[in-house]
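Below are the structure tokens for one structure; questions will follow.
When the chains are written out, they are named A, B, C and D in that same order, and each has its own residue count from 1.
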């Protein structure tokens, strides 16, 4: 059967790839995609631990559903910011959004 | 798990079913192509510029409201399944949840974000 | 190797490869389509973990709504100049690669030597999970507070996002 | 014993005799089952293309296809052959992979629904305890297919059509999901077979207790398919042809086939979720009768969609969005707030009355169904009244159209 560590390794790989995307991408929407990858990695971990530790404890499911809600909220507001920014500055490159930078 | 094995096989077969006639069509259909035929179909006019249209923000707003509603409705399905064992408080919690959901719609409506202009 | 392991390895490799494509493709629509493949791979993993409800929700919410919203946003903010010539990465790409590689190797080293939970616990019947979740979400000694707070969070996100994205009156487009 | 189950048993025994491991036999059996279900769905679709043309013709006082085969029954085959003579084109600037995957995905998204549809009490692909959400989730691949088709064509009109189509599809998914919640709430289960089993008698059919949910589900499903009156995706006079403008031959045919199959699928789902699916008199003694009931109910609903198609004009895009966000979604939300409350408070009423008369279970049932029906009717009447008033207020300000002689003043006599 599949050991738990396999799932954790998959989640780790997804998390690292997502982290790279967040740190290295130039386009703000691509950064949000990286965040989504990281959130998915977290969800795999939550569900894997739920399955291997205690199926009766529903916390794994409840937290995973909360992560869905948080991801949706984050994407909605994040993309709204990107669109608003694009309308004013005609750019979606994250390193050109430096108005608050001194 | 067996159920999902069935679904997995179904996905594969469902992919093959429409792919078969398309491949057959690709192999046996007539091929008398010329560059004119492969041009973009825009009422016979020459295509000007790249394919790029500035879309209205309206499309995004609808998708946004849909996303939020989608997630909230997903929360309600387990609640509906467990309805028989819920106490009054649980039922009220669900109804309150739907009420909060409706508030978002009211805001969008009052803001005029639902108008197709 | 059992068939389950084969299925897991195939989906895991496909998921991670698609994720790498997501962060490296310059064409953002392609990146979003690869994101869909990644998300679907994660859904298959949920199935393997006996959580069909979460798998279905993953497809419904992530692929059906979030990915669609991403593609919409990409097309709304498409800029001809940035499309062809623009770089995919910013100037910190080397540093970012190093950091994420360090994180990954740390996790791999830690998890590689971990020998607990070799096999799936034999509890096969997880079909009551959806009902238990529904009960937990709406009962006072469960997650009813989290349930309502999630509703408030989503309401706030909806109001905030519409407020931000909707053009101001004095803004001439 | 059920004939199909006996056949499967015999097949497994046959495989065991030639020393195949049982797991392989099970997979082979699944594969055969999948192929049978998919073929049935496709054959029904092909038959429906003929039926639809015939009925649309009768409704418009024409004869319809009558040349190929008896009563024109072989017309679909002639259509398929004709499509094969078309040229397979992929536009020069198109994204080849996405362009070719999109039509396949469009069919897959509909075909997958049939994996959980119960034909009779014994005959179904598989039983999932999340079947209702599975159906909704599978539908999101259809949205993706539309977006991929529009984007990969590299054509302004295709992209614009895809945007319109997707905004319609996702908008109407909100009332669809909300109204799907009502049968789930009433059956206390997301398993579609359990939902059918709960609708044993006429009074238990969900259409009796929740007619408003039935209407909401039906309207939003028709919009989801994009049939008249919601066919602005391919409004020829406005946006050339919608997202599939660059497709030709069988690739275009796949989009059409997907749409036809989807129409029948939503009819079947309406029959299952609200009209009791395979339930009917004598179905316990002869399970095979269930197939007749199920098909009869599905085709009855399908006939209504065809009837709508031949009689209703196309709706305008702003009306389409207002109908969704300002009528269907608010009504669904109000319904969803009241239904659980009514349901909860009538749950034990039967026991109360049973002190005086009859058996509690039956009484509870009729009290609950009656209360829910009254709630539904009240919401429906209230909604109609609100809409009537707001329409009245909106039309008062409208400038009346000038009469003909005012609009065009008589020409002054020429000098």
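Following the convention adopted for this analysis, a residue touches a chain if its C-beta (ideal position, glycine included) is under 8 Å from a C-beta of that chain, and two chains touch if they have at least 3 such contacts.
The model shown is predicted, which means the values in this text are computed figures rather than measured ones.
Comparing chain pairs C-D and B-D by the number of C-beta pairs in contact, the larger count belongs to B-D. At the centre of the protein atoms shown, by the Cα-centroid criterion, sits B. Chain centres here are Cα averages; for chain C and chain D they lie 29 Å apart.
If you average the CA atoms of chain B and of chain D, the two centres end up 15 Å from each other. Distance between chain A and chain D, defined via averaged C-alpha coordinates, is recorded as 34 Å.
One finds 21 Å separating the Cα centroids of chain A and chain B. With touch defined as above, residues shared between interfaces to two or more other chains in chain B number as follows: 55, 57, 59-60, 63-68, 70-71, 74-75, 77, 80-83, 86, 91, 94, 101, 108.
Residue positions of chain C with contacts to 2 or more other chains are 50, 52-53, 57, 60-61, 64-66, 68-69, 72-73, 75-76, 130, 132-133, 137, 150, 154, 157-158, 161-162, 165, 167. Shown for chain A are the residues that touch two or more other chains, namely 65, 68-69, 72-73, 75-76, 79-80, 83, 87. Pairs of chains in mutual contact: A-B, A-C, B-C, B-D, C-D. The touching residues of chain B, counted against chain D in their complex, run 2-3, 5-7, 9-11, 13-15, 17-19, 21-22, 24-26, 28-33, 35, 37-43, 51, 53, 55, 58-59, 62-63, 65-66, 69-70, 73-74, 76-77, 80-84, 86, 88, 91, 94-95, 98-99, 101-102, 105, 108-109, 114-117.
Per the touch definition, chain B reaches chain C in the complex via residues 1, 4, 50, 52, 55, 57, 59-61, 63-68, 70-72, 74-75, 77-83, 85-87, 89-91, 93-94, 96-97, 100-101, 103-104, 107-108, 111, 113.
Note for the complex: chain C touches chain D at residues 3, 29, 33, 36, 52-53, 56-57, 59-60, 63-65, 67-68, 71-72, 75, 127, 130.
Chain D makes touch with chain C in their complex at residues 23, 98, 128-130, 133-134, 136-141, 143-144, 147-148, 151, 159, 163, 166, 170, 173, 190. By the touch criterion given at the top, residues 2, 4-5, 8, 12, 15-16, 19-20, 22-23, 28, 31-32, 35, 38-39, 42, 45-46, 48-51, 53-54, 57-58, 61-62, 65-66, 69-70, 73-74, 76-77, 79, 82, 86-93, 95-97, 99-101, 103-104, 107-108, 111-112, 114, 116-121, 123, 126, 129, 132-133, 136-137, 142-143, 146, 150, 153-154, 156-158, 160-162, 164-165, 167, 171, 173 of chain C touch chain A in their complex.
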